[in-house]
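First chain A sits with chain B, and in the next complex the same chain sits with chain C.
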Partner chain A sequence: MRSLETDVVVIGGGATGAGVLRDASMRGLRTILVERVDLGQGTTGRFHGLLHSGGRYVISDPHSATECAQETDLLSRIAADAVEMTGGLFVTTPHDDPEYADTFVAGCHATGVPVEEIPVAQALREEPRLNRGISRAFRVNDGSVDAWRLIWGNVRSAEAYGGRALTYHWVTRVLRDGDRVSGVVCHDGISGEDVRIEAGFVINATGAWAGQIATMAGCHGVEVVPGRGIMIAMNHRLVGQVINRCDPPGDGDILVPVRTVCVIGTTDTRADSPDDLAIPRDEVQQMLDAGEVLVPGFRQARAVHAWAGARPLVRDSRVSESDTRHMSRGMSIMDHRERDGVSGLLTIAGGKATTYRLMAKNIVDAMCAQMGVDRPCRTADEPLAGSESGVGIAITDRLRDREADRLDDQIICECELMSRTMLTSLLRDRPSVAFDDIRRQLRLGMGPCQGGFCAYRTAGIAHDGEHGDIARANGLMRMFLTNRWIGLHSILFGDQVRQAALDDWIARGTLDVEHLPEADALPSRPAEVEA
Partner chain B sequence: MTDAVVIGAGIAGLTAALRLARGGATVTLVSGGLGGLQLSQGSIDILGYAPGLVGRPLDAIDDLAERSPAHPYARLGSGRVASSVGWLADSLPGVFTGDPTHNMLLPTAVGVARPTALAPPSLATGDLRDGASIAVVGLRVLKDFHPGLVASNISRVTLPDGGSVDATSAWIDMEARPGEADTSPLNVARAMDDDAFRRRFGDALARAAGDAGIIGVPAVLGIRQPGVWEALCHQVGRPVFEIPTPPPGVPGMRINTTLTDAVRAAGVRLIMGGRVVDHGGTSSRRGGGATDAAGRNRRFPARAFVLAPGGFESGALHVDSRWNVTERALGLPVSGPPADQPIVQEDYRGDHPLFLSGLAVDDSMRVVRPGTDDPVYDNVHAAGGVIAGAVRWTEKSGEGIAIASAVAAADAILKELS
Partner chain C sequence: MTRADDVHDPPELMRDSLDHCVKCTICETQCPVAAVTPLFAGPKYVGPQAERYRTGDRSVDHTLDYCSSCGICTHVCPQGVKIAEINSQARAAMKKERGMPLRDRIISRPTLMGRISAPIYPIVNWTLGFRPARKMMQAVLGIHERAPMPVSAPRTLRRRLKKRGQSPPGSRGTVIYFHGCSAEYYEVENSLKVIDVLEHNGYRVLTPRQGCCGLPLQTNGLFDDSRRYVRRLVSQLQAPGPGIPIISSSTSCGLMLKREAHEILGVDDPSLADIGSRTYDVCEFLLDLHDRGELRTDFQPVPERVPYHPPCQLRGHGVGTPALELMRLIPGLEVEESGAVCCGVAGTYGLKKEKYDVAMAVGAPLFEKVRGMEPPVAVCDSEICRWQISTATEVPAVHPVALLHRAYGLS
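Coming up: the complex of A and B.
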């Protein structure tokens, strides 16, 4: 067993964990983040990509609304590389309560959420596909965020301050030294060995999985209920700005343009496990109907992918109300010293990606107070790695890049304009990546063909690389095709069926991947996890 | 009024048109696009897996017909498959080699030994034999062929007789078009049509292949010019074989050209770029079809119709957002998938009911109402991928079904016309 020693261990590689890693590292604490799979593979990578103006919460959760407005404004500057400030509209459709609009505007004024009513004709000029029956339209400061770029920006920033993120490190034990948590033991899924990390403090930022980690530390009764929501990506941007229904929050009330697609979301159903999230056919139909309300003809557009995410909804009867005094509603910090008599461990769950930085600040503040460290949060003061120029994402970025290198480089994924150099650079930096990890960082296979052409090319290039191992290349290619299908089978209709048939014809017909010699050597899971 | 209108320009539509025209009928072929041959691997599959590896496809068809009465081969039978494939191969002299009674095993671009029945000689030379020493050589400008992947995997293949092959891989650095780092199989094939380019390639190939006994290359050995493969084999002094790439597939394009030329020479009128937009006639007989070729609608009256537009991959079969499956050209009733179940399974590797759905036919390939033998129209026949009952790409049966159903449909029409 390998051994490491550090000040702080952060468990969980979502936006919150990455934010904590950066915050703690910037305060001079030696910090290591451990993530059981890849960064952004959990809830952060499974939402609709909305950077909230706050408008959605002005009535239901005014405190959150104010926080969202402030954080969105801040992130558009310090995390520019991960953000596209598309702008947003709240529109009153024929299905919405017309009374709500005035309540909404009053709420925006009360919470400091910038809002401006614009003429309906103006809204329809800006968004010609929008339902022509809308009666009012309000401009807000919505944006969209590439969640994986946000996470990696935080990690790269933290690395500059000595922080580290260990992916494919699955926590199998939380170490206790009497009443104090003293570190963790992880299973390294790539090397297959176990790693013991001694730490002065552990932060549990595992979201929907937080109850499992708390239990490992001997802190029982932390119940995190996964609230399952489904999202569907359409193959291009039917709208250029975020479109919100001007109505109390409900299912399918938002359409978000993110990178090359637009995403309709979402539903909210209690799930049994965050590791097993269904995409039921009736919810798909519900989302398509909701899309029709915003953009008539939505059902004739092409759905390319669907996914489900698990909102971490904390239920904890043993937490007194005073425990939430540091934080806003929606995010919840559990102090296990007060709650369970176990020091050196804090749990954070809830909240939303838009306010990830604030959540990280709050929990690192709480941790510093317990550690007796007096160093202020500086995460708002400097840009994330990659965002130094302050220039945000534009949908044309890659077109410009490929126009510049098209004679010297190959395009491996045509749908997302991913070049061979982008791929080989990532393979050099992270030789053990799975194709889905490449997807999260470079958008491999996220376009209309869903891996139909690029999976083969990527397998060939990965196998040619230094670490080429044929069993692994075969396994990775097959795993990628299998995983892409998880997001396809529930939304196969229209031209995406034609694509799926063509893809299948190539993969199973022409290449005959089904009969590849058996293959594996993929990341391993721990044999057992101690609770 | 022509005797027959054929809808679709893939291997099924072209075969039906050729058979009809050679049989003395006047034929118009209308097609919305180029046809599916360019998407294919460029060989004639009859039956490759059922579900285990098939060595003798005709025998396996008879077993399959007994087990799966809804399979198109249950209607066609091995006898008609053998004679139809044989007739097409004889009609295109020099294009195919092989024998419908035996499958060969040709390496794919990932290095799987893939069963197929007949193939152009340039592909068939790759039929895997015990003890072969193979060099697989790619071009760096071509991202759709990775020789390392092919060589590593075929070295691990155990042949049905227990044998194995030994394979190495190498790259050649040669631009197909000056200054271009990223090219397609078709661009390389066009470059190979030029003698000087082919000779430079041959020199590089002989060096790259070392002392291997046989050399595998991506299927890019010429597109218009005949004899490129033969000249290359002669130049390097060893057998060279082609391995199909993902689309655009050059071997399929070559077959498409040859077959289309034969169809044209047989007197068929070809209308490309015309999607069927309407159809007329009485309740029991279609009177004509209309297409929107060249931006205007035209009517094509005929005595009989062969519908050969392909399956889901061409868009001929369509699924709407509520998972209703329809046939788009003539609005014919579709067999399956069951209404109360998901159209596909959650597991990618599953058998997806959607891809088994299509048109039901009788023994003469006349379209019937699903579950009955009642023709929808007396004069509408189907051929190829639009017919229900087979996942052609999984079992490797696409061309066999297409050719046999096209010939059966054409023969039934010829009989009625006489």
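Coming up: the complex of A and C.
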């Protein structure tokens, strides 16, 4: 067993964990983040990508609304590389309560959420596909965020301050020294060995999995209810701005343009386990119907992928157990010294990606107070790694980049315009990556063909370099294709059926990928985790 | 920008078709431009792929301008993606953003060019045939010095028709002849042959005054002007009366009325739909007559062996190759299909200095075929393709109707 020693261990490689890693590192604490699989493989990588203006919460959760407004403004500057300030509209469709609009505006004013009513004609000019029956339109400061870029930006920033992120490190034990948590033991899924990390403090930032970690530390009864929500990505941007229904929060009330797609979301149902999230057909239909209200013709548009995420909702005794939409979306910090008599451990859950930085600040503040360290948070003061120029994401970015280099560089993923150089540099930096890890960082296979062509090219290049032998490359390719399928089978209608048929003919008919020799030693993951 | 109510948002109509792309790459294998130059990224790339990255107001992929708009990609797509149309719209957005070269403004207005040249045609023809003048045109305007240029006719079609007198009442009915602007100023003889052949088959031929269909403006991305042109033409062609078949001898201009004004420019006008639905390519019309047993077949033998090149735009009509079938009715005439994809000129594409070499490379297999046969003439339905073929091969090129005209003993 390897041993490491550090000041702080952060468990969980989502936005919150990465934010904590950066915050603590910037305060001069030696910090190690451990993540059981890849960064952003949990809830942060499974939402609709909205950077909230706050408008959605002005009535239901005014405090969150104000936090969202402030953090969105801040992130558009310090995390520009991960953010596209698309702008957003709240629109009153014929299905919405017309009374709500005035309540909404009053709520925005009360919470400091910038809002401006614009003429319906202007909204329709800006968004020609929008339901022409809308009666009012309000401009808000929504954006969209590439969750993986956000996480990696935090990790790279933290690294500059000495922080480290260990992926594929699955916590198997939380170490106790009497009443004090003193570190963790992880299983390294890549090397296969166990790693013991002694630490002065442990932060449990595992979101919907927080109860499991707390239990390992002997702190029982931490109930974080996984609120399952499904999302569907449509083949291209049907709208250029975030479109919100101007109505109390409900299912399928938002359409978010993020990178090359637009995402309709979401549903909200209590799940038994965050590792077993279904994508039921009836919810898919429900999302398509909801999309139809915002953009007529939505049902005929092409859906390319569906997924489900688990909101970490902290159990609130005031609402019924099954009513996850009304559980607190605010952040909760659990002080286990106070709650369980166990020191050296704090749990954070709840909140949302938009406020990840604030959550990190609050919990690191709480930790510093317990450690007796007096160092202020500086995460709002400097840009994340990669965001120094302050230039945000634009939809045209990759087309512009390929326009410049396509004569000299091969394009591997044609849908997402990922070049060979992008791929080979990532393979050089992270030789042990799975293809899904490449997907999260470079968008491999996230376009309409869903890996139907690029998976084989990537396997060839992975094998061609020093990334692995044939058996390993085959295994990675098959794992990737299998995982893509998880998000496809529930949306097989219209154009995506034709694609799936062609992909299947190539995969099984022409290449017989099911019978290729395959290696055993792939990046391992806990058995219950799907990619 | 304000839009008339009868213009739908063209990106909406065509852009939605990008959802049908399954990345099969069939379009890329058939694109004549991508086959000869890497400068063009190919129809799948600039079409359904790149369109996902476009906003309509920010152009970043300027090499899409290397698309010649030949339309083969749309034609071969088994999934129904309107690839060429997506490209045309993206190019229009690009030119709107980046501004339009003077050259593109000039060459996209053939009626204007024709009207200016007509009174001074000998000077214009001499200038266009004069190498130093062409060198200057290339330097100043960017029109390639060796690109094909039309020869202005001594008298315009309108003046010739005045002299010819009205078409006599026909035993079979009346048709409207939509000749297009090249016929008015350059291809006057050919237009008269079309009228002769129609009259020979028992039709009274009306030739109302008519302007440009706006196609060159459309392929050069000047959509607003193009819409104005096509609307005016539609009302001119409606003038003689309802329901009269409209016969076109210009493959591309006919296609503009049949499909492109609606599909690319987004004109949603019932009168355009009416005109489009009764527009026929002349060979399509004559072959229909033959299928009904109404075409006169009093052909004299034409003992020649000629190459026939079906122009790219003909595919857009979806009528097969009616000219080929008609010419095969002529005794003694041996017609060999070119087997080539495209002559390269694609409207105004091959005239441009920076695209000339690409256009010539695209057309190379066709030119080789034509030269190899050493024919008295080459045959092609589209006038600009004919100019390209004859300039490149020095073999005169004629419309298929010219051969029918001869076989009928009319010339």
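Going forward, the second predicted complex is superposed on the first by the 507 of 531 C-alpha atoms of A that agree within 3 Å, B and C clash if a C-alpha of one lies under 4 Å from a C-alpha of the other, contacts with A are read in each partner's own complex, and residues count from 1 in each chain.
Just so it is clear, a residue touches a chain if its C-beta (ideal position, glycine included) is under 8 Å from a C-beta of that chain, and two chains touch if they have at least 3 such contacts.
Quick caveat, the model's predicted, so the values are computed rather than measured.
Asks: Thinking of the overlay built on chain A, is A:L288 touched by chain B (first), by chain C (second), by both, or by neither?
Replies: In the superposition, A:L288 touches chain B alone.
Asks: Applying the touch criterion given at the start, work out whether A:T260 contacts chain B, chain C, both or neither, answering first, second, both or neither.
Replies: Second partner only.
Asks: Per the contact definition in the header, classify A:I395: touching chain B only (first), chain C only (second), both, or neither.
Replies: Only chain C is touched by A:I395; chain B is not.
Asks: Just chain B (first), just chain C (second), both, or neither: which does A:L417 touch?
Replies: Only chain C is touched by A:L417; chain B is not.
Asks: Just to be sure I read the superposition right, which of the two partners does A:F493 touch: chain B = first, chain C = second, or both, or neither?
Replies: So A:F493 only meets chain B here.
Asks: For A:H236, select first, second, both or neither according to whether it touches chain B, chain C, the two together, or no partner.
Replies: After superposition on chain A, A:H236 lies in contact with chain C alone.
Asks: Which partner does A:P448 contact after superposing on A: first (chain B), second (chain C), both, neither?
Replies: A:P448 contacts chain C only, not chain B.
Asks: Looking at A:L407 after the superposition, I want to know if it touches chain B, chain C, both of them or none. Which is it: first, second, both, neither?
Replies: both
Asks: Who does A:L516 touch here: chain B (first), chain C (second), both, or neither?
Replies: A:L516 sits against chain B, while chain C stays out of touch.
Asks: In this superposed model, does chain C or chain B come into contact with more residues of chain A?
Replies: Partner with more touched residues of chain A: B.
Asks: Touching chain B and also chain C: which chain A residues?
Replies: Shared contact residues on chain A (touching chain B in one complex, chain C in the other): 406-407, 453, 494-495, 498, 502.
Asks: For the complex, give me every residue of chain C touching chain A.
Replies: Listed in rising order, the residues are 9, 12, 15-16, 18-24, 38, 41, 44-45, 49-55, 58, 60-63, 79.
Asks: Which residues of chain A touch chain C in their complex?
Replies: Touching chain C: residues 128-129, 235-237, 240, 260, 297, 301-302, 394-400, 402-403, 406-407, 414-415, 417, 447-449, 452-453, 494-495, 498-499, 502 of chain A.
Asks: Can you list the chain A residues touching chain B in their complex?
Replies: Interface residues on the chain A side: 281, 285, 288, 299-300, 303, 406-412, 420, 453, 456-457, 459-461, 463-464, 468, 470, 473-474, 477, 481-482, 484-486, 489-490, 492-495, 497-498, 500-502, 504-506, 508-517.
Asks: Would you pull the chain B residues touching chain A in the complex into a rising list?
Replies: Touching chain A: residues 39-41, 49, 53, 108-114, 141, 143-146, 148-149, 152-153, 156-157, 179-182, 244, 246-247, 249, 311-315, 318-323, 342-349, 354-355, 392-394, 396, 398 of chain B.
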